[in-house]
Amino acid sequence: ADDVTLQLKWVTQAQFAGYYVAKDKGFYEEEGLNVTILPGGPDIAPTQVIAGGGADVMIDWMPSALAAREKGLPLVNIAQPFKSSGMMLTCLKETGVTGPEDFKGKTLGVWFFGNEYPFLSWMATLGIPTTGGADGVEVLKQGFNVDPLLQKQAACISTMTYNEYWQVIDAGISPDDLVTFKYQDEGVATMEDGLYVLEGNLQDQAFEDKMVRFVRASMKGWKWAEENPDEAAMIVLDNDETGAQTETHQKRMMGEIAKLTAGSNGALDPADYERTVATLLAGGSDPVISKAPEGAWTHQITDKALQ
Amino acid sequence: MKDTVATARPVIEAKGLGLTFQTNDGPVHALTDVNLTIGKGEFVSFIGPSGCGKTTFLRCIAALEHPTQGALTVNGTSPDAARQARAYGYVFQAAGLYPWRTIAGNVKLPLEIMGYSKAEQNERVRKVLSLVDLDGFGKKFPWQLSGGMQQRASIARALAFDADILLMDEPFGALDEIVRDRLNEELLKLWAATGKTIGFVTHSIPEAVYLSTRIVVMSPRPGRITDVIESTLPKERPLEIRDSREFIEIAHRVREGLRAGHGDEV
Amino acid sequence: MKDTVATARPVIEAKGLGLTFQTNDGPVHALTDVNLTIGKGEFVSFIGPSGCGKTTFLRCIAALEHPTQGALTVNGTSPDAARQARAYGYVFQAAGLYPWRTIAGNVKLPLEIMGYSKAEQNERVRKVLSLVDLDGFGKKFPWQLSGGMQQRASIARALAFDADILLMDEPFGALDEIVRDRLNEELLKLWAATGKTIGFVTHSIPEAVYLSTRIVVMSPRPGRITDVIESTLPKERPLEIRDSREFIEIAHRVREGLRAGHGDEV
Amino acid sequence: MTWLWGAILFWLGAWGLNAWAANQPFARTRAGKLAIPALFGVTLLVLWEGIVRGLDVPGVILPAPSVIWGTITTSVPTLWQDFVQTILKGGLSGYVIGCGAAIATAIAIDRSPFLQKGLLPVGNFVAALPIVGIAPILVMWFGFDWQSKAAVVVVMVFFPVLVNTVAGLAATDRMQRDLMATYSASYWQTLMKLRLPAAMPFIFNGLKIATTLALIGAIVAEFFGSPIKGMGFRISTAVGQLALDMVWAEIAVAALAGSAFYGLVALIEKGVTFWHPSQRARS
Amino acid sequence: MRSVLPILAVLLAIVAVWYIAAIRMNSTWTYDQAARAETEVSFAEVVVDTMAQERPVLPAPHQVAVGLWEGLFGQKFTSKRSLVYHGWITLSATLVGFAIGTGLGILLAVGIVHNRAMDLSVMPWAIASQTIPILAIAPMVIVVLASVGVTGLLPKAVISAYLSFFPVVVGMVKGLRSPDRMQLDLLKTYNASRWAAFWKLRLPASMPYLFASLKVSMAASLVGAIVGELPAGATSGLGARLLSGSYYGQTIQIWAALFAAAILAAGLVIVIGAIEKVALRRMGMVR
């Protein structure tokens, strides 16, 4: 069997159910692959891991991958299992935020470490400076969890539809007390959770072949997970080495994830790509990327995998 | 050993005193059944082979060590109470100067603690440093002085303030004969002038005889008093007295006493 | 001061020796213009007021301090070379025992370093401990011994191995007269039997006279040799010799020499 | 490859030079004491540059020193802003509060063997709590700004200084204490005149260890939430952006500031504990 | 027994303060929730609520105790939810790191004391090395080591060694230099080799310093191992528990992991303390 190492963007959770299912159900094995899944974490930059040769393929958000490409790391999107973006800004109603125009003068929690680009683009589109003051927003580097909102250190925080949002709810705040802004709805959505490899490797026949089989099996896993969300969640749970994840949370997460993967067969929709690039280029003074990238995606793999 | 009673008001009274150290290989009987009364204004020397408990006895008097048997009173109270009344000046067997203080600073230490005025402090430091012949060394640090000079500094430290009882553990051991003679004279003068009660450990028989009103001879294992020799010398003692018959006689008695104590082991 | 030449093959030769310490308040001239030759098998005592440079001179000989002026040779080579040839046994002014070694362990230390066999080590330790009257204390730690006992242990340590030159800095300062007499006798015996060259610092005039073939009198500020007195006593010296006319005469000369050196400051 | 071999040759040569220079009288001068470690540092940098260039290490893994230097010179304002936020505000204030509190506590519990016996093991235990666990909690308690970083630093430096101070206060020898006893000196007099001076070498030991801890603490705490400035913030975001040159620029600033801080404390130590054998031996 | 009493008293005081703090800090949330639900709460209700929140700002002591108990004994030791399992993972990295770190530290200290060139050049850089935020370079270390094929225990141990060598260097340098002039001079008169001076004087004299450093360094090793676990993909070990607890706002889980780590560290330090006592007693250094 051929060895493939996959670097995840975050810790083991239902966000990556498709890959765990494919591994657990033997889809990879059927394709003659021996896949190692490396969980991520707050300090792991998947881009760095792949640059260092620690992985063959990785999962990342497109803004981060494109930024890395501009930094000289030739990443290429070979597949896009996630159709929609799950990112939102969640605000406490009591702070008086009802629409984006109310952000001014407020403190907003934002994830950094390569996850800040969608937010920066959005603010640039809105024309709100992120340097604080009465006309701008005060930005906090948000840690791992939703505490800043619960402790009222921030008016709004970044959340994912499938994860942090529910943590807020679980903490005891009812949805009625919250106002949420989905990036998807605000027209500033960027592509999340795509599969990326190094451009140079694609020239290699054997590698290309490996990736074709990998994507095929992975998509099979995703579709299985969409159909059997609860079982998929249990598979994820089995693979969680920290033993910290809970069943309810993962099952719910799987349900939300299924909504995001729905509509993708694995091939990147060029229209989505263009929209993402346009959003990123719209950034004002501090653009994430300075010019439209070339060759940042390919159907080379999916074309073969999905025929 | 019968108690020896001093004529003057007793300042130090030991009755059946004993002290045993517990060590990793068994108890060490440093002192046993020590009976001694020292009157006010007496000058008592302790002499005996090394390890016989002289230091230990002095430490008991100063409440630095606590006897395991018997009773000990100082000025009619417990040694601890006497210590709190600042009754003691103590010169240790080693100089024990604080390395972070200059010589003058070391001598000043007790004065600071006892709250003398700045001017008084400086005046006294000057005086005692000159007494022990260390003028000009006030600004040096201890490690820049020779062994004998350090010892003299520590004597100066004990003399700088007015304690009723002066306990000196081989203070002149590291000094040459000339300086020793001079300091012996000075000490006698000081004693005569102030009426202090002095307990003095020495290894020199002539020194003990020259200085003391009484000489206590001790012997080791277990440390005990084997002889107490009253000096019949007058209070006024020029250095030449050391050539007198009486002096030589007393010295001889002390030597005999010492030899007897040694008998069992040398 | 003119050089004093010894008759035997010279072991230690100092010519115009000087040593100046740099301290925070100016230079201290510990030694100036010291000229001295010590022949093989001599027993030379150094006497002088404290701070006159006796320790410093001994340290120069042992290559522990390096003279800033003049020349010094030991066995015809530099002191450093002599040290490398393990020519010295040194007894320091303070005991300086290693606190983590027992008394026996401390005495064994030089033997271990010089590579004696285990059996030989034990044998020698036993012998020298008994020589200094510390049998039975081998297993105690230094802080469990009295000051004088520690000093004796440090003497034992220096005697445990066979150095040609023995340098002793007030080795008997903390001992009582009886033990001191005994050790004086032992030292003389050892010297007679081994033909070692001995440099000996003391404050006791009788001790210096009793032991030495020559007595070097020093005076301070700056440290220099003011007198060198040859002893005319025979090599064979019973303790009673101290009552002889000759002895008393020499002692008198030494005292005069000392007093003269003191003149400028006492 | 020439780069690599060149660097290794340079390293060998410089090491030889250093070994020689260290035994020259020059090494005892003030200039020598700066030049020799500096030469050592330069050697390391040259070796680094040579390895990166010689082995073609990608810049996103390890940038060459020359590249890092370029970033430092072009981002001085950012670096300065981060330095003020993290080191001056978070680190220094935490250091002062933490060390002050530790010394005060050591003195406070010194009188009571009961408290010492009780507090030291418990303190020992608290000190063993890893910062990575404490930092998020303190950020939750004290907010995102520098106050929470200072709190982390306080927690980190407190115990080493406490332990050293307690050990130092016990470090007097018997005769020194007995002397005070014969004067019947009061507790405070003994403390001020004997035990604190005698404790200084130990206290400074703690204070020196605390300097590096303070820096690490302040920086690491920023990983768990911060305003968008500060060295820890910059490092963690720069890693995500693969701007490794910026990461190393910040690390260089941290190392420089840390060494300077340590050097300052060591200098003060030298002045205060001039009498200690370990200081005297080398002067 | 005599030494347990004071500890108990202090613990009791801490627990009391802790409870009061828990009530104060957690009550904000209770009041906020009541306000959102537009109800009134009495103080008694608040106290009860603050003792049993799911995501308390400060968990009450008994909540942590329960969390710890569950984690330690609530399941099989081999379970991924067992703190014993995670503790063991961390412990093994800690011990390997500690061994590497102290070994390196002692070697460096010996070099610094015996070689002027090292004394002058290494020390400043050893200090500088400790000002590098380990959390920042730990991921890079892991990545770089992984790219040359080193994974698993060793990368964590390397990070742990990196943190633990420094206290040993500082303490040992001080300790090896602690002999005073007379002690050194004595050996000079024997013309003892540097080797003998090291074994017979410097090393024994440095023992108290070494043990003091070892305690600090052991704690540092543990922190290093935990830090090393964060970027190792938050898989297993106490660090991973801390992280995932933190990620999901499971305050109680964080505190339980935190206490498990501290217990581990305290245990290790106690072991060193015991060895110290025996060693120093045999060396006659405790009176």
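In order of appearance the chains are A, B, C, D and E, and numbering begins at 1 in each one.
FYI, contacts are C-beta pairs under 8 Å (C-beta built on N, C-alpha and C of every residue); 3 or more make two chains touch, one makes a residue touch a chain.
Since this is a predicted model, take the numbers as computed values, not measurements.
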- Task: Using the touch definition from the top, list the chains contacting both subunit B and subunit E.
- Result: C, D
- Path length in steps (a step moves to a chain that is touched) from subunit A to subunit C: 2
- Task: Write down the pair of chains with the top C-beta contact pair count.
- Result: D-E
- If you take the mean of the Cα atoms for each chain, which one ends up farthest from subunit C? A
- If you average the Cα atoms of subunit B and of subunit C to get two centres, how far apart are those centres in Å? 28
- Note on the structure: Distance in whole angstrom between the CA centres of subunit C and subunit E is 53
- Whole-Å distance, subunit A centre to subunit B centre, using C-alpha means? 86
- How many Å are there between the centre of subunit D and the centre of subunit E, using C-alpha atoms for each centre? 17
- Item | Of all residues in subunit B, the ones touching two or more other chains | 94, 141
- Query: Of all residues in subunit D, which are in touch with two or more distinct other chains?
  - Reply: 61, 136, 140, 223-224, 236, 239
- Query: Of all the residues in subunit A, which ones touch at least 2 other chains?
  - Reply: 42-43, 45, 48, 52, 143-144, 147, 151
- Where on subunit A does subunit E make contact in their complex? 11, 38-45, 48-49, 52-54, 94, 143-147, 150-152, 167, 170-174, 177, 240-245, 249
- Touching subunit A in the complex: which residues of subunit E? 29, 32-33, 36, 54-55, 57, 79-82, 85-86, 135, 138-140, 143-144, 146-147, 230-236, 240-241, 243-250, 253
- Within their complex, state which residues of subunit D touch subunit B. 173, 175-176, 178-186, 189, 193-194, 197-198, 200, 273-276, 280
- Task: Using the touch rule from the top, collect the residues of subunit B that touch subunit C in their complex.
- Result: 21, 23, 25, 28, 47-51, 55, 93-94, 133, 139-141, 144-149, 151-152, 170, 173-180, 182, 203-205, 255, 258-259, 262, 265-266
- subunit E to subunit C touching residues, read off their complex: 182-183, 185-193, 196, 200-201, 204-205, 207, 283-285, 287
